[in-house]
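Working notes for the structure below.
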Amino acid sequence: MDFTWFHRLGSPPYIYRLSERLSPWFGWSAAILIAAGLYGGLVLAPPDYQQGDGFRIIYVHAPSAWLSLMVYSCMATAAAVGLIWRMKVAHAMAASCAGVGAAFTAVSLITGMLWGKPMWGTYWVWDPRLTAQLILLFLFFGYMALRASYDDTSRADRLSAWLAVIGMVNVPIVRFSVEWWNSLHQSPSVMKLARASMPASMLVPLLLMLAGFTVFFLAFLSVRLRAEVLRREKHSAWVREMVANA
Amino acid sequence: MRHFRLLLTRDLRLAVRRPGQTLLPIGFFAMVTALFPLALSPRLEELRAIAPGVLWVGALLAALLSLDHLLRDDAADGTLEQLVAGSESLLSLVLAKVAAHWLMTGLPLALLAPLLGAGLGVPVAAMPGVIMALVLGTVCLSLLGAAAAALTLGARRGGILLTLLTLPLAVPVVIFGARATKLTIEGGSAAGAFYLLAAVAVLTLTLAPLATAAVLRIAVE
Amino acid sequence: MGHTDYNIGMLDVVLEVRDLRVLRGERTVLKKINLWLGAGQYLELRGANGSGKTSLLRAVAGLLPIEAGGVFWRSAPLATDRSAFRSESIYLGHDAPLKADFSAIENLHYWIGLRRPLQRQEIEAALTKVGLPAAAQLRPTRQLSAGQRRRVSLAALLLARVRLWLLDEPTTQLDADGQAMFAGLVEEHLRGGGIAVAAMHAPLTPAPAAKQELVLAAA
Amino acid sequence: MRHFRLLLTRDLRLAVRRPGQTLLPIGFFAMVTALFPLALSPRLEELRAIAPGVLWVGALLAALLSLDHLLRDDAADGTLEQLVAGSESLLSLVLAKVAAHWLMTGLPLALLAPLLGAGLGVPVAAMPGVIMALVLGTVCLSLLGAAAAALTLGARRGGILLTLLTLPLAVPVVIFGARATKLTIEGGSAAGAFYLLAAVAVLTLTLAPLATAAVLRIAVE
Amino acid sequence: MGHTDYNIGMLDVVLEVRDLRVLRGERTVLKKINLWLGAGQYLELRGANGSGKTSLLRAVAGLLPIEAGGVFWRSAPLATDRSAFRSESIYLGHDAPLKADFSAIENLHYWIGLRRPLQRQEIEAALTKVGLPAAAQLRPTRQLSAGQRRRVSLAALLLARVRLWLLDEPTTQLDADGQAMFAGLVEEHLRGGGIAVAAMHAPLTPAPAAKQELVLAAA
């Protein structure tokens, strides 16, 4: 089997150019998808028969919540790759994930709390999923704090990578807490498309938003990754000549 | 094996030499549990309701308190470098450290719990369960704490970072442990909760030391 | 000192440093450092305060990240595997790695005892050889004088029985006799086929036969 | 006065330099209050009932945690000797240390309380009272803690001795403080409790520093 | 160095020790110690490791309890009042009392600044005089080399401007230039009517004119 693609992915300049090429595509498609999703969700979709318009918050809440989990998984995977194959780029990738992930997590928490007030009569309850999601936020913060408190990048990379990998245990807890404990929180309705418990008019925008958020993440990642790679390679030849040519 | 025994006895002996530092976490634990009845209106049923929380938060704090010393002291006086250079496998070093930490905090805590629990109105019948839960839980805390301590060893913001990293790792343990305790106290069947706790313990016991050893290697070199 | 076992296959006993660069903070404190040390050789690191002696020793010992270049032991790069190096070398920094609550004997038992099982008599013999009074051997090291504490770490050198000594100003706080005693230890170590690298401010006297000197210039 | 300012800025600046150590107590406080709901069944009215206890025990622990560093660090690296030799009156030294300690733990704790209290279902109306009570209480704790720290400075059993000495001194403060907090939360008139707390604060403020200075002189010479 | 003010009433500037006895643990480490030092005199404490140099210095500085005998400053017994002594003397132990998180300048500002208000330029001048590079003056002292840290505490001596220096092996970790520089500082201090007591393993060179030597025998 041919692994050259893998090695190419390992080379900073290649990654830099790749992400440079991709980021505009990601950016635009994200904008379009999210716009469509919002229009569909906030305008076209009918109000919920019991929640009225309050339910529309789901179009931000659910996607950001999903993304928070996905981003963490990406981060942990990248970190693991970096540890196993000693790939600087993978570490850079993991490092670039943290910020966005924390943001998504925070958004899901805030929107969730806002939604909680009308639904549960309180902003916050110490419910398994909510708690687990809060822990996820702490994990992101811990990861960033750990990186910040080491001067020597390679050490920061490898140590924070271990943290990311260890913290991965929390993701399934968040994901399945609703099934495992009898939680106040919604059980995954969308995921069970088979007997979709949502009318298409509500579901389609939600899926659009989800796709949009995902692409947005990719766009953001490609930008952050470029900055990260530059920072690490600032002494290297290819960066110098690139600056010289520019 | 020889290494493990040597390292373990070393830490235990050091602990005996400075009882102040060693007993501090236990003192904290005792204080937390003792102060609550004082700070609150001491109605027993109220206390009994919060007993699990008090015991477990106390245990977590006590563990954390001593974790800061788990590796930092040795790193400070340069002995850690020498230990790492000496021991051929970091795993034995980590296991020894964790074992020592648990023997000096976890175990005493678990054994002390009935005494303090009584003050919180924990029925005598529930004591074995309470102890058992704490034993399992504190093992996890020591293991996870060691990993966090290794991660923050060379870090600039030592203390708080350790707390920040341990918290998310430890919370599940505390939650499961408290649930098990609660159920035992209320006299319900706590079997399920205990299995869960045991499962977590086994999981950490198998994974944490390896991770810690790897981290320690990075931190020291 | 059981150095006999050294005399087999001494040819490959080599510490080599190829144009090493070391950063402290973001400043380069060492660059283009090249060394070649064979069995029985002594290297004295000289240089003004802040010229990088400690940094060099720590970098070689693997306690500081290496920016560029490499360190080789028995012609194996330490970057990839240090296991052999770790078991064959010992590093002593500015102040001795001693637990203040342990006695000299306990300290050595737990410190060097990790490398190889030690008899109590062995430890006592070593401590006596470096001139620590029997009474002082049992007191917690926090109750020792500075020079006495230094002597304990010299005893560690004897007990470790390793090829490579990396020493940072090993003679500070030693009295006149102490200095002579240390020179003797080094001499013996070299005769047994060992290698010693020491950062010093005054040359070791009497100077060993196979002595190199590296004078670091303040960066 | 010049001495006081110099010493105070010194300690504050040091604190800023090692945020890890400085934030640790606050992190602990946050954890205690955050963990209880996790460990207990999350019914708000239940939480509200124990909120005072949680807040005050948390505050006491946080204060104690940092007290250990109040003098020990300076004693360890030999700077305390020099400070004592330098400053003509030990009183200014003590006051500066206490002020610094309070500014770094007590005040942040008090200001953080509302946020954490909210998580425990403390009504917004009660917040000013809660803060006020904590401000008074933490001042006492810092003062008493300093005295205890000075006492344990010489003793080798450091940590635990500090705890044992501070606890009896601190318990009244915690009890009064918790009562005041409880009453404010329940919306009753807490004036009486507050007067008591204030009285204790004034008393310690007048006596503790003198005692501490005297003890410190003995400890250092 | 503003020593002019010293030259009035120098006659009573005297450090006297009358048959002093000091215990360490329960052992007597010093007994029958007698000293008389006037303005401008330098006393060198010699003796093997563990002979009691540090103990003597700490006892005089009031950091160790005195078992018997007495220490007198300006013919007042320190046992009863040390206030004058405290403000007129400074003690430097084996390792410098520096906060690792503070820069050299900050350390001196907070340490010596307690004794008298200091200008920043004053501090920088002193640090430059003891040979600490300007760059190193701003770095946290944990990032200084051993010898550089030592130099910071020597700068403290200059800034303190006190009569009596009590120094424990002040020249360890100093390079050759550093040793000479320190000898110069002492010389200057004595010329200004100061008194210096230093525990040393090698004699201070060049030796000051008014030099006494006390050789302690291991108890």
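Quick notes on this one:
For reference, chains read A, B, C, D and E in written order, and residue numbers begin at 1 within each chain.
The working rule: a contact is a pair of C-beta atoms (placed from the backbone, for glycine too) under 8 Å apart; a residue touches a chain by one contact, two chains touch by 3 or more.
Source: prediction; values computed, not measured.
Among the remaining chains, those touching subunit A and also subunit E are C, D.
Between subunit B and subunit E, the least number of touch steps comes to 2.
Chain B has the Cα centre that lies closest to the mean of all protein Cα atoms in view. On a Cα centroid basis, the chain most remote from subunit B in this structure is E. Averaging C-alpha coordinates per chain and comparing to subunit D, the farthest chain turns out to be C. The leading chain pair by number of C-beta pairs in contact is B-D. Averaging Cα coordinates per chain places subunit A and subunit C 50 Å apart.
Per-chain CA centroids place subunit D at a distance of 38 Å from subunit E.
The geometric centre of subunit B is 25 Å away from that of subunit D, both derived from CA atoms.
Put simply, the C-alpha centre of subunit C and that of subunit D have 47 angstrom between them.
Residue positions of subunit B touching 2 or more other chains, listed in rising order: 18, 155-157, 161, 164, 167, 171, 175. The set of subunit C residues touching two or more other chains comprises 25, 95. Counting partner chains per residue, subunit A shows two or more touched chains at residues 131, 149, 151, 155.
Pairs of chains in mutual contact: A-B, A-C, A-D, B-C, B-D, C-E, D-E. Within the complex formed with subunit C, the subunit E residues making contact are 24-25, 47-50, 54, 94-95, 131, 133, 136, 139, 143-148, 150-151, 169, 172-178, 201-202.
Within the complex formed with subunit A, the residues of subunit C that make contact are 25, 65. Partner subunit A is touched in their complex by these residues of subunit B: 147, 151-152, 154-157, 161, 164-165, 167-169, 171-172, 175, 203, 207-208, 211, 214-215, 218-219. Partner subunit D is touched in their complex by these residues of subunit E: 62-63, 82-83, 86-87, 90-91, 93, 95-102, 106, 110-115, 117, 140.
Those residues of subunit A whose C-beta lies close enough to touch subunit D in the complex are 122, 124-127, 131, 149.
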